[in-house]
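Order of writing sets the labels: A, B, C, D, E and F. Residues in every chain begin at 1.
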Amino acid sequence: DFLHALEEVKPAFGVNEEELTTCIQNGIINYSPHIKSILDEGSLYTEQVRKSEHTPLVSVLLHGPAGAGKTALAAKIGLASGFPFIKLISPESMVGYSEAAKVATISKIFEDAYKSPLNVVVVDNIERLVDWVPIGPRFSNSVLQTLMVLMRKQPPKGRRLLILATTTERSVLQQMDILDTFDAQIGVPNVAKPQELGVILEAAEIFGSETKTDAGRKRVQQILSTVQEQTRTTEIGVGIKRILVGVETAKQDQSMEDRFVELMSRAINDRMV
Amino acid sequence: DFLHALEEVKPAFGVNEEELTTCIQNGIINYSPHIKSILDEGSLYTEQVRKSEHTPLVSVLLHGPAGAGKTALAAKIGLASGFPFIKLISPESMVGYSEAAKVATISKIFEDAYKSPLNVVVVDNIERLVDWVPIGPRFSNSVLQTLMVLMRKQPPKGRRLLILATTTERSVLQQMDILDTFDAQIGVPNVAKPQELGVILEAAEIFGSETKTDAGRKRVQQILSTVQEQTRTTEIGVGIKRILVGVETAKQDQSMEDRFVELMSRAINDRMV
Amino acid sequence: DFLHALEEVKPAFGVNEEELTTCIQNGIINYSPHIKSILDEGSLYTEQVRKSEHTPLVSVLLHGPAGAGKTALAAKIGLASGFPFIKLISPESMVGYSEAAKVATISKIFEDAYKSPLNVVVVDNIERLVDWVPIGPRFSNSVLQTLMVLMRKQPPKGRRLLILATTTERSVLQQMDILDTFDAQIGVPNVAKPQELGVILEAAEIFGSETKTDAGRKRVQQILSTVQEQTRTTEIGVGIKRILVGVETAKQDQSMEDRFVELMSRAINDRMV
Amino acid sequence: DFLHALEEVKPAFGVNEEELTTCIQNGIINYSPHIKSILDEGSLYTEQVRKSEHTPLVSVLLHGPAGAGKTALAAKIGLASGFPFIKLISPESMVGYSEAAKVATISKIFEDAYKSPLNVVVVDNIERLVDWVPIGPRFSNSVLQTLMVLMRKQPPKGRRLLILATTTERSVLQQMDILDTFDAQIGVPNVAKPQELGVILEAAEIFGSETKTDAGRKRVQQILSTVQEQTRTTEIGVGIKRILVGVETAKQDQSMEDRFVELMSRAINDRMV
Amino acid sequence: DFLHALEEVKPAFGVNEEELTTCIQNGIINYSPHIKSILDEGSLYTEQVRKSEHTPLVSVLLHGPAGAGKTALAAKIGLASGFPFIKLISPESMVGYSEAAKVATISKIFEDAYKSPLNVVVVDNIERLVDWVPIGPRFSNSVLQTLMVLMRKQPPKGRRLLILATTTERSVLQQMDILDTFDAQIGVPNVAKPQELGVILEAAEIFGSETKTDAGRKRVQQILSTVQEQTRTTEIGVGIKRILVGVETAKQDQSMEDRFVELMSRAINDRMV
Amino acid sequence: DFLHALEEVKPAFGVNEEELTTCIQNGIINYSPHIKSILDEGSLYTEQVRKSEHTPLVSVLLHGPAGAGKTALAAKIGLASGFPFIKLISPESMVGYSEAAKVATISKIFEDAYKSPLNVVVVDNIERLVDWVPIGPRFSNSVLQTLMVLMRKQPPKGRRLLILATTTERSVLQQMDILDTFDAQIGVPNVAKPQELGVILEAAEIFGSETKTDAGRKRVQQILSTVQEQTRTTEIGVGIKRILVGVETAKQDQSMEDRFVELMSRAINDRMV
């Protein structure tokens, strides 16, 4: 009937702002030039979707190690587009769903995205969405195939869609032959150098208000050099997420510096396994 | 009853023109003699179906690398036949279908094709239709068997059928013993030579209206030689689809040439992996 | 009740003449002495079923490469028996059936065959009936077991049954331990020698009415020697089915001889892979 | 209620005489001393079940190559016992049953066997009952487990049970750890020596009424020596079943001896593969 | 409601005496000191459950070769405890059950066991309960997990539980990581020495009432030495179950000694495979 | 409606005190400095959840050999937090549940935990929760994925959650890529040194009230040195759980010391396998 038809066509305005904002819980710390360059490339694809006649669909994959900041950066690019329809497809929102229910939910979000003129869909943590586990290996092929087809499906005339996907398991996606599906890929690296770690410790105010005083900066430098001594390396190789959690754990301890150095060293050594 | 019987027999006129036209979104650029030869061979099989008494069914497989233009060329051949019934079987139109629903949908399209005197069915992206994934490997055997049997099944007396199938995974189809099913196979190659790339850049009007002036042609030549310098090869080996997307991305950037060269070089290097 | 009982016992007269005749679409060309010898052996088993007291069931497997003519020959032997009940079990007639539906359909046909005194069942393309695919490998074990048991099951007193099965995958059937099920096996070879190919080209009237004139025969000889030159072999090794399709494709082309030679050479070379 | 209870307890008299007699379609030809020794050992176990207080359940496995006569011999032993309850569990009687239906049918037959004082159950062709296929391998574990448990389950007080099972796949049963289930195993060999073959040809009246004349015996000897010449061996190694079918096929041919020799030689050579 | 609540709490008195007694059909023959030591260790665990405050749950695994007497000994220990609740979980009592029905039945028995103060549960033949088959291998993981959890689950306050499990497949249980579940393990060996065999033959009255006369003992010794001669070993290595069946089979034969020696030698030789 | 809404939001106060207390059946014996250090690290994470703004979710994994005391220590840390909502997710509470029922139960407990301001969830024995068995290997991927996602899912604003998980199979969890899910990992070791064993024997009052007299201590020392002599090692390498059970078994025996030494030596030797 008429009303139903109307509903079917009316754009599904709906920026999941809150949901996406939660993904950037601790803000975006500008600890290295990589961060800016990633955000810039993101805005290039945003413009391509907005303006090009020939490419109404652009899909981009952000990949990198666990906790490197992939989800936060994808959310940032999505929110920065200002597109009227922005939706997040995440494993957390589908806990306990059957394969069929997942397929239906994902299809529904894409269908909604075909009703607005300009749309962003963030497909977070593809390996988790498809229930990937390396033992077996096992995964949901029906969810995988749904994603593979939907991320290539041209939107109807007059609709445009930017897809931002994230994954920790790029090589798994490659084995799944899903990489060809993406128009572009962006790597998100770990925190690499002591200096970058320093920027983060300051921004996270590890010593509270004291941090940005000269004394605070000196204590930060002290931490950096102790870490370097204990690990005998200047390669950090740890994700920003784990660093920020370590700062908070350390804050609970009386010997804050010792605890942070210990946690950091453990993290750096784990990396080599 | 009578009405039902009628409906069952009446030809299902139905050219999916729109759907097939969407597959040729960016037209067919005549960038190499291969293109004409593929279209010519296609029209030979079209004539065989139209005229031969002994071969009411002819099935042809277009195979080649991702983005080489297989779907566009199959659509072109199908549309060029002028047959009254033309249908597209594609993964995009069956997102989220169960195996049984896929089997039913595919069978229905073939059944419809047996009602018209002259018919074309385009079976796009076989590996995706059968939910192929190399890990495992896994695929839907029921969809595969349905396709294998239907693509060999003789139409009833007086009905003729041209099947045009596409695939990126010819070697997988070979392992599946499905290649014998086809009466003929046509390879669709990547863009191979810088000169071919040049033809494409001009046709895609990379510099807008300026492209076809002398200045434009010079800039195009400049791009070709920079790409060659950076990649140290004159083998392009990239699909036309990716090239056309790259042109659009580059158009968003202020330093258009640099961006295109970078994207192109990345694509050429990826190829070697 | 009485009526039901009657129905259960009354012979299910039903020669699927039309269905079986379709299997011999292009007749049986007597291109080699093998053909006669296969038909002779077939009629021997037909007589054994008709006359022997001790062997009311005889099952025969026709095996050979794709397109060698297995189905056509099985149909020919079956039709030649003149038995009142002849049925074809083929994958084409069960497209999209569930495993259970296939098992039920197959069982029903055998049950029907137990009601007539003299019966033929053609079990066409066993590997396809059991949904065989080499990747995995996968197949329907329930259909396979049903066939294995039914093809050995003694008909009730006074009923006789000839089973004619075909397969392209004899070695697969061997791995499935199903070969012991058959009382006899008959190999159906490819077209082997240029001379045999010549007989076929004449019978298929490649040059229309001109073919059987002296000029026509000369053109045929010309084709044979060109093929031999291009492939550098006198071993054809191609099934009659593919040859007959090639003839029809060539007929659409202006340079008929060139096209046929090209298709034939391609087929001969494929064979070596 | 009372009637139902009665029914549950009343012995299920029911000799499947007809069914079992069909298994011995061509009688038992005494072609070698093995045959008597197998029947003797069978009657020993029959007596043990009839008389011993301590072993109310005895299970025996007859194993040997395809067509060696296992089913006929098991049926013979069963019928010879004269026990009031004799049932046959065979794949032919459960065509198209689901796993659950098979399990239920088998359980029901054993339950019935617990109601009579003296019972025989013939479990024919175990590998086929469990839907065994070497590719995979695959089989019905639920049917297998049901058999494994039922063939060891002690009948209730006062009931006795003889189980006669047959198989072509003893080594498979061994891998399935089911051999320990049997109290005894009896091997059934192929026809081994030309002399044994001679006895069979005479008994099967290969030359009709003439066979048992001197002329007939001479022709039989002639066959034996021709087979020996052609196969260059005195080891027959073929099952009696195949020999008897061969006799019947040969009878249809005008050159009966030639045909039989050819079929026999083929059978002997197959054996070596 | 009240009645229901009552029922739920009232102890489920129920010694399956009859069922367990059937497991010791041929009594416990004291043929070696091992037998006493096994029964003693069993009574130690019985006392621990009866008296210790800290270990309300004790689980013991009896393992050993097929027919060694595991089930009989477990039943003996259970019956000897005199605990008010004794239940047997055996594959024979769950023939044809679905996995879910097995899980439910097993859970129910344990639940019942939590209602009495002192309880024994005999879990007979774990590998058969979980439908274990080495080909694959396959087994019911849901039954296995249920057993693993229930055999570790602490009974509610004031309830105590002794679990006696048996298995022929200890190494399989080890691979399943289920051995850690048991507090103790007891090995049940085969009959090892001729002297032990002698004790058994006497106890089983192989020559009826004559057995225990001097003449009988002499005949027994004669059997032992003939077996030794024929097998050239003094290692018996056969389970008591098979020996007792052999005695009964031999009793049916006129040449009793010869038959027993033959069966025994066959059993001893089988062992070496 | 209103009432429903209320119920949905009202905090689910519910400390499973009893359930968790049962996990510490034999108290926490302070037999080594490790024990205190584990409890201290536990309280650090408790404080982080209580106080930090940035980390409302902290998840910790306690891993170590079977019977090392993981569950008891996790329960202790949880109870010590004094948080208003404490729940235990354990395999024992989900015996016989289907995968779907497990997923639903686990999801419900987490949902409840999002309603209280401060929450602890103990996820006991992850490998058993996911029905892990090394043969295959097999496990419930749906339960695993549910845990992986829920243990990372941020609680809603204003809610905080401490997750304490335990496992014997850390390397399996690593293969499952689930270790990254945890913010911290704590190893729980076996009892290592004779001196530690001595502390435990005293605390467990192996000789009743006599244990803590000089005579008792001497007998304990005697046990330690006998064990050392028999095993020729000073490495104990046995979990405290098994030691405490052994003490109880030994108490039932008249020669208590001998029995304990035997059980202990067996346990130490098992360890080396």
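Note that in this section contacts are C-beta pairs under 8 Å (C-beta built on N, C-alpha and C of every residue); 3 or more make two chains touch, one makes a residue touch a chain.
Predicted model only: the values in this text are computed from it and were never measured.
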| item | value |
| --- | --- |
| Count of contact steps on the shortest path from chain C to chain E | 2 |
| Classification of the chain A:chain B interface as same or different, half of numbers criterion | different |
| Longest centre-to-centre distance from chain D, chain (CA-based) | A |
| Distance from the mean Cα position of chain E to that of chain D, given in whole angstrom | 34 |
| Centre-of-Cα separation between chain D and chain B, whole angstrom | 59 |
| Interface hub residues of chain A, defined as touching at least two other chains | none |
| Chain order around the ring, beginning at chain B and proceeding next to chain C | B, C, D, E, F, A |
| Interfacial residue positions of chain E with respect to chain D in the complex | 22, 25-26, 66-67, 91-92, 95-96, 98, 128, 131-136, 138, 168, 242, 244-245, 248-249, 251-253, 259 |
| Chain C-touching residues of chain B, taken from the complex the two chains share | 44-45, 47-48, 51-52, 54-55, 58, 100, 103-104, 107, 137, 139, 141-142, 144-146, 148-150, 152-154, 172, 175-177, 180, 183-184 |
